[in-house]
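As written, the chains take the letters A, B, C and D, and residue 1 is the first residue of each chain.
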Amino acid sequence: MRFFSDNAAPAHPKVLEAIAAANRIDTAYDGDEWSRRLDGAFSDLFGTEVRAFWVTTGTAANCLALAALCPPYRGIVCHRDAHIEVDEAGAPGFFTGGAKLILLEGEGAKITPEAVAAACDAIRNDVHQVQPAAVSITNATEYGLVYRAAEVAAVGELAKQRGLKLHMDGARLANALATTGESLADVTWRAGVDALSFGFVKNGGLNAECLILFDTELADEVAVRRKRAGHLLSKGRYLAAQILAMLEDDLWLENARAANAAARKLAIAAPHRLVYPVEANELFLKVTPDEASALRAQGFDFYDWGPGEIRLVTSWDQQGEALDRLATAIAAL
Amino acid sequence: MRFFSDNAAPAHPKVLEAIAAANRIDTAYDGDEWSRRLDGAFSDLFGTEVRAFWVTTGTAANCLALAALCPPYRGIVCHRDAHIEVDEAGAPGFFTGGAKLILLEGEGAKITPEAVAAACDAIRNDVHQVQPAAVSITNATEYGLVYRAAEVAAVGELAKQRGLKLHMDGARLANALATTGESLADVTWRAGVDALSFGFVKNGGLNAECLILFDTELADEVAVRRKRAGHLLSKGRYLAAQILAMLEDDLWLENARAANAAARKLAIAAPHRLVYPVEANELFLKVTPDEASALRAQGFDFYDWGPGEIRLVTSWDQQGEALDRLATAIAAL
Amino acid sequence: MRFFSDNAAPAHPKVLEAIAAANRIDTAYDGDEWSRRLDGAFSDLFGTEVRAFWVTTGTAANCLALAALCPPYRGIVCHRDAHIEVDEAGAPGFFTGGAKLILLEGEGAKITPEAVAAACDAIRNDVHQVQPAAVSITNATEYGLVYRAAEVAAVGELAKQRGLKLHMDGARLANALATTGESLADVTWRAGVDALSFGFVKNGGLNAECLILFDTELADEVAVRRKRAGHLLSKGRYLAAQILAMLEDDLWLENARAANAAARKLAIAAPHRLVYPVEANELFLKVTPDEASALRAQGFDFYDWGPGEIRLVTSWDQQGEALDRLATAIAAL
Amino acid sequence: MRFFSDNAAPAHPKVLEAIAAANRIDTAYDGDEWSRRLDGAFSDLFGTEVRAFWVTTGTAANCLALAALCPPYRGIVCHRDAHIEVDEAGAPGFFTGGAKLILLEGEGAKITPEAVAAACDAIRNDVHQVQPAAVSITNATEYGLVYRAAEVAAVGELAKQRGLKLHMDGARLANALATTGESLADVTWRAGVDALSFGFVKNGGLNAECLILFDTELADEVAVRRKRAGHLLSKGRYLAAQILAMLEDDLWLENARAANAAARKLAIAAPHRLVYPVEANELFLKVTPDEASALRAQGFDFYDWGPGEIRLVTSWDQQGEALDRLATAIAAL
């Protein structure tokens, strides 16, 4: 039973239905009526005017945003464990043309305004050192921790003071909001976020993510960069359809709640084993190698995550027997 | 009625069925069983060992290939009207890190060994001028002309003599082969092609193209470049499924034959208007602006293509009444 | 006797003296008093506020300028025979991160507003085609022709209308002005030039060129890009010293006049052989292979330039007997 | 009195003489007889066949080497305080096309095979993480520590085992060897170094550094990359002349010995204040802000280097009274 990644979960039936429906419209690239609905749909959702770009991966969303926010000769401040640093094969360097990631420490992959300020202060303001241009945070973080709106706003405030743009990698933003109950607006543009990678694929989508620009002046540049990076699909209508299906009746939030509930059920089974509080749909557990083997022997699939730790990720579709069995198995370790 | 692009055509029902079926497997990235079947499936299809990479656009397939075939400081010989030069927003420059496209003339966007040789000979062999590293041809060309295997082999032979790698943009390779009846092997690796962008999206696919490496030593590099460019989808199984569906029972060839037949039907309606012979699924017709307006007034949709010319593209699903009506309308101009 | 390139000429004695003098000041990078004098010296020379950056090659000057004027995803309009296209090993692609050179025809490597406009008009305004961002002209051109101020202004006006920045490669700007007698101001910023590569090395310098920014808001970016490209020399004072020596008492203009006079003397010797009018210090002559051999047999060194043509370039130091002998030899062919 | 950088020191008289002498030869680019002598001169010096490329900055030497040793999609292991990471404005990212610097800890900016191995082991071998391709070490380090030949060889051995190329930033290699008395061969190619940035500018040169390739197969690529980066000077003979002057009678070693002797004299004046052993020509001293002010009040110029520390760098020309006075002043603090 799959607990190693929410990327492995199926697409939601409504997403598949939307794809089938999109088979009946026939304009190419992003000229179709569904793709053209995205700007409005997200502007309504966020309560402000935004520009929305479908892409097929979080890496594309992240790095198109970073390329628009940071010139090749400057840097992006982020956590040492950020996905853009650790798991995107150097894509930020590729998309930006060689910009530098300026790495911060911080518990559970969260960063604070103080850490950002300290990193900036340590850089001599001359042409020999790479000057920062942007900050990128991940919400929920790579360790499943959540930024509250006030926390993002504090980073956003510091960024503004320093003349830095702010990007949010929201591959699991839905999971974060399902926990905090805060609004999309409060945790993003009202908190100073300029560009958001809004994740859908881990949350029941098939292969459509969405890059949201609150700084709408970047839209023309991003449109060209998307094409130039090979991310302007000719049949983009199938991506737009997926995203619109995820927005309809807040399916994105419903799915995230289900995934989070599953994670909480597992967390409750062994609270003393948790490396981090479970605030989204990821669990990091302290288990011995033998314990890990025992779980695997029962058919549960997950990643080792450093010595004596494992990572479990729950998905929108995991609410049944397998989950109960895993909770029981963890409790019984 | 849509005749402006085969990108606007729907996906084939079997492709949608395959996506639905892929919803029942659950490994992430390209670790799933279907993605892992691609290498074998294409090796069988081509009769030689190949490595196959799903991507979502022809631009990605083309430019990942070019980046692997040409270092940043050298050049790629191609036709002046090649898609990589004209319609990919400079993506070759982005993916390769600034390699140069060295442009050739040639009727109907076809290039000859003589033209390649002449272009190479015009380059001084010193560090001041950009030296070529690769040749890229498009089959069928952007004007719907077809390279026979012998023609590709002649280019391939010249390329080999000059130490150049050979790439084929096969966005409409299926259409080319549906016309020539030649084998995939003969027109690609046996003719010296090192990397092929094998198009499926224009031919009934939804959003899966395939990059085929005959030079399999490039595979590790391409795998990393694909990830780095944001083209490694987390739920790649849905791409693999589409491609396997297209291969099953030669659906790719069947679809191309249907599209070509539609184009031929239109061509026969007004042979004297043809700018180029119709060898695939594209028609370029000489029509006056008034004639173009008359066709549009009857509900037919297509692109203007320079003064006094229009472009019509037929698709795998166009065999019925609309096609007949267009043929009649063209004949009646 | 050297007539193949002004790059082969010696440095002027005053330049060597300046280098020796610079050996007595000791601040690193561009913090020395001489480097800091450049902005003022060139602002005085041009009659407007400029920012001046020493670099060691024309390629560096050109490409730092182009990178500041054109984002990676757009294009630079220039002549097909421009040095940046033909003789810089693809450096524009490297410095800009893959921007495209959009090539124009034009007699003697000169471009006109009409040619620029036509090239721009031929580009569809969508994300699939690379949109222009800048124009680059060479004055004097690669064929020794000169733009008058009014001609530059016409290109500048068109550029402004189209929202394009204007760069001038002035590797031989001194030679151009020595001919026209026009002012530096009129042929550059008053004509709409945003950035100028002001050449000194071909004109008696040792290894210092200067990038002049009339758009001074680009200065901070260019300063960083210069460092990032490895062009911020630690002992930059020796470059500043050379340039200041060239400016003193208009040595740059005096040298150019001498080189031009030498070229004119040769031109007069065989006016019927000239491929282009001799407006600077380059001559392109129609000679048969036998005639070329005959000249070489007498010890004259020059380049072949296409079938039946040779190129001769005169230098600031060529006014004596060798020149007379060459003139006689040409006349006697 | 200048003690803030050896970049501020004058050029050695013999270097100036060589430049003057080069004024009498007249071939352009690197086709002159002096540039062509470099390969042989350095091959003799190193006792093995090498290829030598003049450039004007250490950044250019370092980054041309790194671009040849590491593809855009891989990484270079180096110390966190390495010049390429800290003081080159992100030039490695620019030259390589976005390769990643993988940072190590290590006392005094030295790295060990163990540290390299640990960093490599921490990288999952998949396409999501950037895989290392090269190691870069600085000798002497940024803190004036020296690698003995055996230490380099240990890193070289590890690099070879892991399939990594080895680069040495030898901006102060002369100073290192002046201390150890070891041979150039032992500390470079015999220890596994593939490419060396051999510094001359800090050591009495004017503006010529040299990139040495022990892996001579990289030479063609480096030659093109040098041109493409704007680092092929048209009057390169003046660079070659400088370097040959530095090699003559081991001037490079003599100058380094002088600089090191000056540093030792200062070190002896206050051994208890040394942050690091003084193994080359740099001193890092613990002084209070008041003490630093007192030194400055006496006319000594140097950099603050973190709280309570200053950096002093001695030069080839500092052996006289100013040095004695500084030694006395330090002792008297």
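The rule we apply is simple: a contact is a pair of C-beta atoms (placed from the backbone, for glycine too) under 8 Å apart; a residue touches a chain by one contact, two chains touch by 3 or more.
What you see is a predicted model; the values in this text were computed from it and never measured.
Undergrad: If we look at subunit A and subunit B, which chains touch each of them?
TA: C, D
Undergrad: Between chain pairs B-D and B-C, which one is joined by a greater number of C-beta pairs in contact?
TA: Answer by contact count: B-C.
Undergrad: Please compute the C-alpha centroid of subunit B, do the same for subunit C, then give the distance between them in whole Å.
TA: 42
Undergrad: Which integer distance in Å separates the CA centroid of subunit B from that of subunit D?
TA: 50
Undergrad: Could you pull out the residues of subunit B that touch at least 2 other chains?
TA: Within subunit B, the residues that touch at least two other chains are 72-74, 88-90, 94, 97, 127-128, 224, 227-228, 232.
Undergrad: Going by the contact rule set out above, which residues of subunit B touch subunit C in the complex?
TA: 72-75, 86-90, 93-94, 96-100, 127-130
Undergrad: Give the list of subunit C residues in touch with subunit A in this complex.
TA: 71-74, 97, 127-128, 131, 221, 223-228, 232
Undergrad: Of all residues in subunit A, which touch subunit B in the complex?
TA: Per the touch definition, subunit A meets subunit B at residues 2, 4-5, 7-11, 16, 19-20, 23-24, 26-29, 55-61, 63-64, 88-91, 94-95, 201-202, 206-207, 224, 227-235, 238-239.
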